[in-house]
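Sharing a structure, written as structure tokens. Questions coming.
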Amino acid sequence: MDGFGVTVAFWILAAVTLVAGGGVMVSRNLLHAVLFLILSFIGVAGFFVLLSAEFIAMAQVIIYVGAITVLILFAVLLTPRASRDNSETVWALPGMLLAVCLAAIFLFVVHDTQWKTVTDAPLLTTQDLGHALLGTWVLPFEIASVLLTAALVGAIMLTRSAEEEAEDALA
Amino acid sequence: MTGVIKSEPFVINIGPQHPSTHGVFRIRATVDGEKVVDAEMVMGYLHRSMEKLAEERTYTQNIPFTDRTDYLSSMSNNLGYCLAAEKLAGIEVPARGDAIRVIMAELQRLASHCMAVGAFANDTGAWQTPVMWCFREREKILDIFEVTSGARLTCNYMRIGGVAFDLRPAFEPMVRKVLADLPPFIEEMEQLLTGNEIFVSRTRGIGVLSPELATNASLSGPMLRGSGIAWDLRKADPYCGYEQYDFDIPIGYQGDSYDRFIVRLEEMRQSVKIIQQALDGLPSGPFRTEVPLALRPQKGEAYARIESPRGELGYYLVSDEGPAPYRFHIRPPSFINLSALKEMTVGGTVADAIVVLGSIDIVVGEIDR
Amino acid sequence: MAEARTGVAAVTRQLSGPEAAGLAETAAPGSVDRTTETACYLKPEHLVSALEALKTDPDADLVHLTNLCGVDFWDHFEVVYHIQSFDKNQIALFKVDVLNREDPVVPSVVPVFHGAWMQENETYDLFGIKFEGHPNLYRILLWEGYPGWPLRKDFLAMPGGLQPGLGEFAGVSRRQEPPMKVLE
Amino acid sequence: MTTFLATDNWYDLRDLANLSREILEAADKILPFGVVYVLAAVIGFVASFLIFVLPSQLFVGVYGERKLIGRIQSRYGPNRVGPFGLLQPIADAIKLMQKEALTPTRSDRLVMYVAPIFFVAPAVLLFAVIPFGPNMVFADIPVSLMYFLAISSLPVLANFMAGWSANNKYSLFGAIRIVAMTISYETPLVMSLLGAVVISSTLSLQGMVLWADEYKIWLGLVQPLALVIYFICVSAELNRTPTDIAEAESEIVAGYLTEYSGMKWGLFYGMDIGYALAASAFAATVFLGGWTLFGLEKWVPPWIIFIGKTHLFYALFIWTRGTLPRLRSDQLMAFAWKFLLPLALFNLFIVVTERMIWSEEGYDKAYIYLFAIFNILVSGLLVFAWARFNGYRPDDVPTRPRLVKEARGYVPLGENE
């Protein structure tokens, strides 16, 4: 899975993802930050494609770009205008320090790990993924879905107003 | 954050340049999300002060002004004004003149309702199709007006004492053709719209007017009848010999936009019936009483009213024996029908406000005069 | 309601002045000022109560305020009310004299008839007659600050000559002199 | 796979993939390594977009739509520019390019400029996985259905950017509406497509076409409910007229496009048609058997069959646009959650059960026809029953007003004559 095109694509995607990630932090306008976030998600999806994991790539685009950012957009729209802009700079210095520390730790770990390398990557198809999810790992999969359902119900309960609850109590 | 998410209401201007305000009318709506919490009407963009202008001109010269108030039903406006002037001066109209006036007023009602129904369907989002079909039928009626009076929109056809010209020979076959075409067309509109689930869910229960509010807010015409009040000046206070014709008053069920729509469609059927009868029994004889051009009615006042397509169109004239009316007041139906706009729109969404405005069937020329 | 309707006339009965006055006297004694052949003049201070009584009185049943307008008679104004009944099929004409031309004030009938809202606003806009008790009296057709009241008979004879009144619009007026004083 | 009469010769127009293969092989010999990928991309873009999408946009999307709607509305439609008005779309495009592209002073200028570009790019990408013929698919990836869904969830963000950046209240209305609507309609859309995936057991669009070819039946017949739900959902996501609440002309002027003009608006308008074409192509591929037509594809070039099916499906969009009024936004949302989603779930249950029975019977071909008949009947019944359950009572709505002989004031409801 290497070649000239793949290399070029990797570097382009890396640049896009990193620049967009930086844009999320730097951008003062909250909406611009969300748009940068979308770009970086798309870049990540591109990485998955390069790793021959098309299903994950498509899921990344559908879930992160199609659904999660839309939810973030809703959150932005429901934010009062005064607190909408990214003007909080008091935490810039501590944040920077923390980021540097984290980066150092990561670099250290990456450098010191004995990476297990295989010469030929196993070709995982979508069918294999399906078999794994609904065969071997069916219990964790189902537990995750129950968790998500619980989260859904909880979210609905949180947003109910007092009047609605009174109405339901009557019914 | 506790409790519900708070939202700030903001003001949105529906109009004066908006596809659905039927002219330069403006609703200054305060919305909370999509919900209208307050609606304020802003009008006057088309104000020409006709009532003042009319005080400077003779009674006959004022007829063209009436064309330009409600420009979608100029014949009815001519008729209302002429009736008021005749009442003031005590002039009798010959039988043929009356019959021609009835035919013209009913044709005008058909044309105007075509426009109202089509534009209303357009407001609910039926993209142009109903309005185009309505235009097609309206064109035929406007052709009749053109043959008769020389003008299509501002006809200036009625005169004090009768009508301006006698009917042309081509008139009767043209009207017969329209009368044959219209009932199938109304059927078609009903198939397209009244049976349509989307249309029904958009209009039913929207802009509900209780009969009490409709009466108290001085509404008239299809707005009043949609609320279940059987009141039609052609029946209640017949003019031009409407008592000779057999027709019914359609009334609605619960006073929503849908009821006003079906009332208008049914009124078109009834108009066809009236024109049929008037055309069959069209008397011969003079079509106009001779009236001096510079009419000087005796001192007094007169209030004459007709059932225009939009409702009760009244003209209140005061004479001081001069050649021009001392006071010339129009009771514009679509202006007064707007009285209940706020009550009908508040609580609904912006889309509902548009539907309600469409169901009132306003003509801005008449609102602003 | 069905019984009441048996006596409905086929043609609307135009109540004469004395008839209307009779109805008003029975419904609200002492409210009639004077009568003419066609109209009944009500006292301004009794206007709202009289119309309220006429609206609820089963004999009069004047529920529908059809028309409301002002008339300028040079020395005084009149406000004209055409009120009709659906069940009795009759229409009556009431008037109110507004004698003070400098500061014309009439009680508003909006509490009785919601439909007066628009028409009183229009009358205020074009005549300058103030309706006391109107919830939101503003110039409905012209803009706020329009100089003068156009339907008054003396509108064209304002100080400053023949001025249709556009002088207040910045950029429109080519006049050099300061904006004229308006009749207010 | 059935045998095709199409040969490997480059001049065989029944399969244009031969031609492109010949060109690429020839180019590979002369050009340095890697450039051929770029060339392949260019050929794919030219073949799918410039040759198919652009003319379809102009002559079906613009001209055809205006002409067809003109006939529905009993008028002529464009008939002045060129023969039969055929050059009208080109005249429109020239007019749009000449127009000034206004940007409001207090708008977010950058986002406002980027939005149309961001709107166009996915439309081009969508056609990469659409199979035009047996070999004529530019990127035959195994999860092309997922790819299509993923890419088609991008334009809503461009719409939102357009609506937000204009700093106009109507635009903001349109932006909020389209985002809310897309979230609502994505769910039943995917649920309905899942039925098609379950029965054909593939995520590849080409695989679905081959499935339809093998069993000699369209997926739309096996999954009629899924086809209907897909059509409704896709017209909602594409802002086609019965559900175009995001640019509802009579309510919020033009929604998120209110402040756009010139070619910036033209890109949105043109690519709306592009997306509708892509959705039609997708529907033709998944539900209508793609480039197959019961053996006819051996004689007629398969891509002509495919394009014909796409345009026929597109005509459905035009038809609904010409006849139906628009739903209110809350009604549209309720329709998605209360009506389409449960139906899609019911449909999924039925399909999964059928699939189970089918696999136990050893994938017998006869069963699929049985399932088709069963599903068509059950779908009709299900729609009707669920509508009744949700309170659909068409007989309760009066179609004619009451008639009264005389004027007499208020007539209470019971007192009919």
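Per-chain residue numbering starts at 1, and chain names A, B, C and D are given in the order in which the chains are listed.
Criterion: a contact is a pair of C-beta atoms (placed from the backbone, for glycine too) under 8 Å apart; a residue touches a chain by one contact, two chains touch by 3 or more.
Please read these numbers as outputs of a predicted model, since none were measured by experiment.
Comparing the CA-atom centres of all chains against that of chain D, the greatest distance is found for C. Simply put, of B-C and C-D, more C-beta pairs touch at B-C.
Mean C-alpha positions place chain B and chain C at a centre distance of 24 Å. Rounded to whole angstrom units, the spacing between the C-alpha centres of chain A and chain B is 60. Chain A and chain C have centres, each the mean of its CA atoms, that are 69 Å apart. Residue positions of chain C touching 2 or more other chains, listed in rising order: 10, 86, 89. Within chain D, the positions touching two or more other chains are listed as 406-410, 412. Chain contacts: chain A has no residue touching two or more partner chains.
Of all residues in chain B, those touching chain D in their complex are 10, 12, 18-20, 34, 121-129, 132-133, 136, 190, 192-202, 204, 211, 215, 225, 228-233, 235-236, 248-254, 258-259, 262-263, 266, 349-352, 354. Across the complex, chain A meets chain D through its residues 3-5, 29, 31-32, 35, 38, 45, 54-55, 57-59, 61-62, 65-67, 69-71, 73-74, 77, 125-126. Considering their complex, residues 41, 43-44, 47, 49, 51-52, 213, 215-220, 229, 231, 233, 236-238, 243, 300-301, 303, 305, 312, 314, 316, 318, 326-327, 329, 331, 335-336, 338-340, 368-369 of chain B touch chain C.
Considering their complex, residues 69, 72-75, 169-170, 173, 241-242, 244-245, 248-253, 321-331, 392, 394, 397-413 of chain D touch chain B. Contacts from chain D toward chain A in the complex involve residues 33-34, 37, 108, 110-111, 141-143, 146-147, 149-151, 153-154, 156-157, 160-161, 164, 176, 179-180, 182-183, 186, 203.
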